[in-house]
Amino acid sequence: MQLEQATVIAHAPIQGSYNLLQMRAPGVAARVQPGQFIHVKVPYLEECILRRPFSIFRADGESLSILYKDVGKGTRTLQYLEPGESLSILGPLGHGFPEVSAGHFPVLIAGGYGMAALYLVAQRSPVKGVAFFGGRSAQDILCVPEFEALGWKVLVTTEDGSLGQRGLVTDALDAWWAREGSAHSPELFVCGPGGMLKAAARRAEERNCPAWTSVDNNMGCGVGACLTCVLKVKDGESWTWARACREGPVFNSRDILWEELA
Amino acid sequence: MQLEQATVIAHAPIQGSYNLLQMRAPGVAARVQPGQFIHVKVPYLEECILRRPFSIFRADGESLSILYKDVGKGTRTLQYLEPGESLSILGPLGHGFPEVSAGHFPVLIAGGYGMAALYLVAQRSPVKGVAFFGGRSAQDILCVPEFEALGWKVLVTTEDGSLGQRGLVTDALDAWWAREGSAHSPELFVCGPGGMLKAAARRAEERNCPAWTSVDNNMGCGVGACLTCVLKVKDGESWTWARACREGPVFNSRDILWEELA
Amino acid sequence: MKPDLSTNIGGIRMKNPVMTASGTFGYGPEYADLVDINQLGAIVVKGICLHPTKGNELPRTTEVASGLLNAIGLPGPGVDGFVREYMPFLRTYDTPVVVNIWGKTIEEYAEVAARFDSVPGIAGLEVNVSCPNIKEGSAVFGTDIKMFERVVKAIRSATRLPLIPKLAPNVSDIAEYARCAEACGADAISLINSFPSLAVNLDTRRPILANKTGGLSGPAIKPIALRLVWLAAQAVEIPVVAMGGISCARDALEFLLVGASAVAVGTASFVYPDTALRVAAGIGDFLEKEGIASLSDWVGSIKA
Amino acid sequence: MKPDLSTNIGGIRMKNPVMTASGTFGYGPEYADLVDINQLGAIVVKGICLHPTKGNELPRTTEVASGLLNAIGLPGPGVDGFVREYMPFLRTYDTPVVVNIWGKTIEEYAEVAARFDSVPGIAGLEVNVSCPNIKEGSAVFGTDIKMFERVVKAIRSATRLPLIPKLAPNVSDIAEYARCAEACGADAISLINSFPSLAVNLDTRRPILANKTGGLSGPAIKPIALRLVWLAAQAVEIPVVAMGGISCARDALEFLLVGASAVAVGTASFVYPDTALRVAAGIGDFLEKEGIASLSDWVGSIKA
């Protein structure tokens, strides 16, 4: 974990309201684990004082990139940043995804920026498996060629049917599981909206398969000091708070009190 | 006076820390009087809530421009604005310079952005006179060719002698006055730092010549409501406040209580 | 269907709930070229006292993070000057005129109120007890409950006009002041005034403002104001006029949600002179989109 | 020559005047990878009470203009948990450890203080009487002078450690609380805690924070804090620790100028974890450039 002044290498919209920001950040880039994130101070946005967390999409040598969606003030203002300009980042932060367990078959499940967050998992996994990407429409499905190029099978679902199969990501997952699941001993790696996490966690529990889920609780400090980002995890018969930024954002799905997640 | 969304036509550094910002603002541009100003909301600078006042440098048809120096947060941030982007302006504001009185010879005295503020006076004056420009060094002397092109004689002084005569603007003025003043019946049009205004006002009083001075009191609203920008003006035997943004920024030098000016 | 935005603030009938905040809209003419005064819910003018006053020396304002610090010091033309110079202009509009008054003593407050009682075209009085620069003895009217009670009572007996004490924000228990105002016969209350603050200059080692301290206004104080308005609105039956950092319709809707019956736009007018009109229009659009027929259905509808 | 930045806060010797503000720097380990704790003037840890506590539900924070609203609700490991889990780590540093304490009753406050009295490696106690979520009966310790007096007295008799009551900002007369703390035997005072505030969500029509209200911190409150620190510093002889929106050396120098003997960096650490160190270095640079030999020559040197 370090505080680094990164320099923008490339920055452009990629599709819909998603943008790709690539930066030179040798200190942070060198140490990235899949599923970790950086905490970004958006330049020129002084009245919004907090940093914004973004999953590390790619990390190659001295550079890293994030893939972000314009959803509010921070992500709107971030778009003004041009190559050559610099920004303050804090990272790599949090605990990411583990490697796929021996004898298991990796199944990625992603929605929204989750596709970016899982790229390093896909890249670094010695075993290539299957990836389920879901979204509202074609605009929301990211990085399919990149995952395919790494040797993953990608199954796309969209709610409006504009790309891949029509429906929810879990429909495709269920169909696949019924067809091939038993042959495979799946291990789930999930990053997406709360509903998707819960649906995946439920299936993992029912089928008693390991699942790693990345939560996106709002964050303050990003390093474990402010206690903004907490969620309830099991602690024997009771529960305790865990910090998404420190103990997470990736948790063993078994540990989370799903019914309490916001 | 109107609130207008202006569009940047051109924007570039011109010399030293001065920048020229040209914008399309048909509503405001159509009604500009020399010495008036616009009140600019600097885009992307939300934590600084107030507008910033800038003299109108040029106004041609549907466009107008300002010439501004990087001195703080607002003027630094303003520089990020690119052609095609828009900004909110309020103007034209205040009372500007009158036309030169019949039988008088116009003498312009300027320091800093005062050279910009006097350009429209120079352009629209039926009589072309002499202009005294002073600054610390060559970097601070603006627009000399533009004034010469309009038929004005420009006499430059710099404190470090890097351009024109070495010394203060008043040195050059005094020399000229001794040489040619009596032949001319001068009328002064002054815009510059407080010291320059005071020095010019003193000379005008001593020599009983009309003088118009543009003050640059800090401003809040720019339209006369907040009473931030006031200065003391004579009121019979006593004094009263006048608002630089409304009754000014140009005042008859005789009216100002110079010893009280901040 | 267009929602009904009209509201009644202690007898002042307004076509919409958006006023100007005292001291931020001059006496009217300053913004008349830019803003159609007829479209305001009410116009509240800069504070007026008995005699002409000059106010503080410069600097009178300084900018701070998301806010403005001011110590203008209440310069003004006095009652007679105001009535002579500005009332003819203000009477040409179909918009209630609320006069913000202040005094150096309780007697002065009462006298100013009495003088306005007979001036045609005045819809109500807002009483500034919370200006940081006015004291009687060592007690400040706005932060000493006994002084506050005395001044509100004195004004109440001096005028039949709708009376709106404007509460000071720097008290521990705002509900106490709200209830006291109500008990003394106020028709409404307004809050918050700018928050007592300080800015200093490291180079001169002096306070930046000539008056040393000043009042903080603008977006910086909005969360503070929102809590105080919420607490005050729960404490009383009389209507509450809310202000403090309102710069868009959503800000205003928040204050109305927590119980204000009207809002005032202050510092934001300095930035975008048309803010009050945009806020009024935006409130209408929001309520319409939400299918809320009348402003009163939104006021105080917070679930908490 | 390098200026002398050392300062003594009621018996706590600090190499420079910059602490962390309670609740914004965890218990130390959270920032240890990013910040050399040995270079801090002192480390003030998150509020501790007698037993482990869970704090509030989510959301606990929300961003507002130039500030942060928080209602974390004081989760923590309790005295024993803290001493066991964090003191071994904290004792490895050559930096005074100040423990911020709170309780639900006066007895609890006193007991927490007593328990820390015998813990090696603790340099002092800061007493949070101003957390918006703790009350005894209907009275809040920080905004009721009688309760404040009782709690400070009770703690004073329970501990020999340097004692620093942390004042609530939402009072009309801060000097009264400062003097009361001094009279009760406090060794220093600190201020300001975050300012009670509210943010609401128009879509849900509810307060954004689970706790409803929260405390405002960050640059938005700096001008308010600066005035209160100035007034408090004039009221007492004991040292004042100032906080509220400090995010750079110049901010800190302003608080020192108006009379604080030390400062604490709060919310700014969330943004730039190294803020406290940069503030300390920047204070040194400034004093050196101004030719001021010692911090104490700057403290309170405001001309006003």
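Observations, loosely collected:
Per-chain residue numbering starts at 1, and chain names A, B, C and D are given in the order in which the chains are listed.
Keep this in mind: a residue touches a chain if its C-beta (ideal position, glycine included) is under 8 Å from a C-beta of that chain, and two chains touch if they have at least 3 such contacts.
Quick caveat, the model's predicted, so the values are computed rather than measured.
When chain centres are set by their Cα atoms, the one at the greatest distance from chain C is A. One inter-chain figure worth recording: chain A and chain D are separated by 36 Å, centre to centre, where each centre is the mean of the chain's CA atoms.
Taking the mean of the C-alpha atoms as each chain's centre, chain C and chain D sit 34 Å apart. Between the CA-based centres of chain B and chain D the separation comes to 48 Å, rounded to the whole angstrom. Residues of chain D in contact with at least two other chains: 65-67, 219. Shared interface positions of chain B, defined as residues touching 2 or more other chains, are 46-47. In terms of inter-chain touching, the protein chains here all touch one another pairwise.
Those residues of chain B lying in contact with chain C across their complex are 1-3, 41, 46-51, 88, 90, 217-218, 220-228, 230-231, 241, 246, 262. If you check the complex, the residues on chain D that touch chain C are 64-67, 69, 140, 143-144, 168, 170-173, 195-200, 202, 204-207, 212-213, 216, 219-224, 226-227, 230, 245, 250, 253-254, 257-258, 286, 301-304. Within the complex, the chain B residues that touch chain D are 46-47. Considering their complex, residues 23-26, 30-31, 33-34, 54-55, 58-61, 63, 65-68, 70, 72, 75, 218-219, 267, 269-274 of chain D touch chain A.
By the touch criterion stated above, chain C contacts chain A in their complex at residues 65-66, 219.
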